[in-house]
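There are two complexes below, and they share chain A, which is joined by chain B in the first and by chain C in the second.
So, the complex of A and B:
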């Protein structure tokens, strides 16, 4: 069997397994966790495009999530338009804000960009807290409508249960994943990596780094906004906490542990850490305390210190060792 | 009207002096080691908790003075340990982005460990002045806050003397300017790294006691001093000590006046507005030099 056929079969098998998962495990709570892991996967993938592939440390990513969530919720609640429209609208508005946040990145990098992006998210969070007429302040928006049924031919798809949302989020995760693959495998992605590794070098070979930075901020924010919109219609409660620093830090931790600058790493990190958190929650009685976030901190520090390419980097290292050869896709292990 | 303005300015100076104290540690560590430590505010949080526990056991003046010393010691040791175990192995190997992320890991870790051990309920550091206030011509403030102002100014002055007069202080400044040249002059860089981190962390610890005296002490309090210290540091130019001192006072007064005259609810965003505009117009900070970045 050739490499490509094997690859195709593998992809089909994974997608098939994901499709039947809710039929195999029907426990609603478990599906809830999986849906949240899916929403986080979109966040980590979009953050990874910025931080992993383009080297732009955006610590305000939660703002895009929040913008998507609020826009999507408000469009459905106040305008009475179909939530599907709002979902897309959330992505577009978040993308617009991403475009705006791209401008500081043209002049700033490292800690300066990190603080500016945090400031951006904090200002928006305070707007969400204080614009009570629109956002109901710290109480948050509740009673956000469910996604409306869609008809495909004679089939009517309704969205009530975790199971239904599972398929929506799965579709969104796969869509995001394939988009990210397209971006990173194309000339666009290669240019981004050139920009990450050596900005002046990239400019000298004719890459318009400013245009690329603005584009990547916009795209990344668009997907984070979609994640926010999905969250709004799934959790049906959006509060200013969606924009807090902790959402960004969770996203960052998941991406780093999965593997920064890899395509599979962000999903792997989001799913593993979400499941791990839930498992630790069941051990709470044993430890008599909630140690999940303590573990996040420890894992993040250890990953950067000892396992720099994340889990994907470890797998790739093992694969190369045993197969003796291997095309090294940059596992994020040696980026500058 | 005028007395309100003076009152707010005084409040701003008091808070600003605490910001300066915390930010100096951050900017020193950045200047010497190029580490942007996002866990710096959590060093302040640990300092504040040290004071809470010590003062519960030893109230009054003895306790307060003891707390400052204990906070400097405890957080100083914490600083040395984190520098050795977490930051030192990364230096020179990874980029500043990785170092920021590892410090975020430390931030998450310290914040949640504090939540586990100390609980989420906010606590107060008791007032050795027993709530006495001092008022002159319409402007009044608690003795405690005034004392905080005096104390942090003294600490800042003492640090300045140390850095400008002592041999070690000069070695720290030399390393900050050019670590290779400093090494050639016989400065033990590793010793300077440890020393800088120790002094920087201890200052954060002392700043934490003052911060906790002015506000409440709780496990999540660290985020605020971290962000404020970064705002101050960027305002003054990262690695620039004098910039951090002025930056702290500027931020404190701007927040206090802005909160009063513009919008109370956006008080904590004022710093971000300022630095975003400063960075867009003058990316090296108000007092930044070309070399400082």
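So, the complex of A and C:
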């Protein structure tokens, strides 16, 4: 079997398994966790495009999530727009804010950019808290409509249960993954990585780094906005907490542990940590504290100290060890 | 011979320090010009200004008659001036091949949005990169003699090879003028021979070269013209043999009587 055929079969098998999962495990609570893991996967993938591939340390990613969530919820509640268009609208508005947040990145980098982006998210969170007429402040928006049914030929698809949302989110995750694969594995992606590795070097070969930064901030924010919109119509409750720093840090931790700057890492991290944190919830009574955050912190430190490539890097390292020589791309980059 | 690059009264101040002081010269098309001078003479500053990395304080840079002074580095490169760096600036987490591929993208035509869009709609059967570009990148790596390392991460390459990778990457942007900032530093004698052959080969392809070099063997071997700067000023300009024996140059390098007396 050629490599391509094997690759195709593998992809088909994974997608088939994902499609039948809700038929095999029907427990609603479990599916709820999986849907949230999917929404977080879109967050981690979009953050990874910025931080992992373009080297722009954005610590305000939660703002895009919140903008997507609020936009999608508000246009559905106040204007009666179909949530499906609301989702897209949330992505577009988030993308616009991403474009705006791109401007500081033209002058700032590293910790300075990080602080600016934290400030950006915090300002938007405070707007959401204080603009009570529109957002109901800290109470948040509740009673956000469900996704409206779709008719495909004679078939009517309705969205009531976790199972139904599972398929919507799965489609969104696969779409995001497809886009990220294409973005990163192309001339566009090479240009982003060039600017990440050496900005002056990138300019010396004709890369208009400012334009690339604005573009990547916009694209990344668009996907985060979509994730926020999905969350709004799934959880049906959006509060200013969606823009708080801990959402960004969950995203960051998941991405780092999965593998920053790899394509599979963000999904792997989001799914594993989502499942892990639900399991840890059962231990909360025993420890009498939120053990989740403690463990996240420890895992993050261990990742940064011992495995720069995250879990994906570890797997690749093992694969190379057993196959003798492998491509060194995205390997457990211990030289970083 | 046609002048491809003309430098007029180029001056750069860093605060009160005059790093480059009223330097003028022009490069004849398809000639290798050497640029030498003691440490701190302002050679790299000069190249930084020509390539757009820093703006000049005064003076003009004319490329094919068009004023490019003060333009940003990417714009200068898009017009046809490429450079390498004294301390390499390769993309360490990309493979050697990808480093060159990044240079091959036609950036005069395609910005980030069109590249991003193109990546989404390209045919599934097509590989990651335009196969034509891929072959061109492989040829460039072969040309600089590191074809065997194409899939190695650039950050894992030994220093001498990263210098060559930088040359391949600069060539990938299809320049008319190539500015080389100490391409031979840190090379052993055998590597120097290869380096000289490589630079000659690049010239054969019709590229005009301005080269900063401390290794005299290289510079005397390949330069058809030599410019010497000292304390930011041009002190000699001409045939290498004539410049080499010029009393001003000897004084700059070995120190004049006033220095010797100290």
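The rule we apply is simple: the second predicted complex is superposed on the first by the 326 of 336 C-alpha atoms of A that agree within 3 Å, B and C clash if a C-alpha of one lies under 4 Å from a C-alpha of the other, contacts with A are read in each partner's own complex, and residues count from 1 in each chain.
We take it that a contact is a pair of C-beta atoms (placed from the backbone, for glycine too) under 8 Å apart; a residue touches a chain by one contact, two chains touch by 3 or more.
All values reported here derive from a predicted model rather than from experimental measurement.
**Student:** Between chain B (first) and chain C (second), which does A:7 come into contact with in this model arrangement: first, second, both, or neither?
**Tutor:** neither
**Student:** Quick check for you: in the superposed arrangement, does A:249 touch first (chain B), second (chain C), both or neither?
**Tutor:** In the superposed model, A:249 contacts chain B only, not chain C.
**Student:** Kindly classify A:115 by the partners it touches after superposition: chain B alone (first), chain C alone (second), both, or neither?
**Tutor:** Once the two structures are laid over each other on A, A:115 reaches chain B alone.
**Student:** Answer with first, second, both or neither: which of chain B and chain C does A:305 touch in the superposed model?
**Tutor:** Touch partner of A:305: chain B, not chain C.
**Student:** Report for A:187: first if it touches chain B alone, second if chain C alone, otherwise both or neither.
**Tutor:** A:187 sits against chain C, while chain B stays out of touch.
**Student:** For A:130, using the defined touch cut-off, is the partner it touches chain B, chain C, both, or neither? Pick first, second, both or neither.
**Tutor:** After superposition on chain A, A:130 lies in contact with chain B alone.
**Student:** State whether A:281 touches chain B only (first), chain C only (second), both chains, or neither.
**Tutor:** neither
**Student:** Is A:51 contacted by the first partner chain B, the second partner chain C, both or neither?
**Tutor:** A:51: touches chain B, not chain C.
**Student:** If you stack the two complexes on chain A, which partner ends up touching A:28: first (chain B), second (chain C), both, or neither?
**Tutor:** neither
**Student:** Overlap of the chain B and chain C footprints on chain A, residue-wise?
**Tutor:** Looking at chain A, the two contact sets intersect at 335-336.
**Student:** What residues on chain A touch chain B, complex-wise?
**Tutor:** Touch residues, chain A against chain B: 51, 55, 57, 104, 107-108, 110-112, 114-116, 118-120, 122-123, 126, 129-130, 245, 249, 252-253, 256, 289-291, 293-294, 296-301, 304-305, 308, 335-336.
**Student:** Using the touch definition up top, name the residues of chain C that touch chain A in the complex.
**Tutor:** Checking each residue of chain C against chain A gives 51-53, 72-75, 77-78, 82-83, 85, 89-95, 98-99, 101-103, 105, 107-108, 110-113, 115-116, 118-120, 122, 128-130, 133, 151-153, 155-156, 169-170, 172-173.
**Student:** Sort out for me which residues of chain A touch chain C in the complex.
**Tutor:** Interface residues on the chain A side: 179, 182-183, 185-191, 193-194, 196-198, 200-209, 211-212, 214-216, 219, 261, 327-329, 331, 333, 335-336.
**Student:** Which residues of chain B touch chain A in their complex?
**Tutor:** 30, 36, 86, 89-90, 94-98, 100-102, 104-113, 115-116, 223, 227, 230-231, 234, 238, 265-266, 268-269, 271-273, 275-276, 279-280, 283
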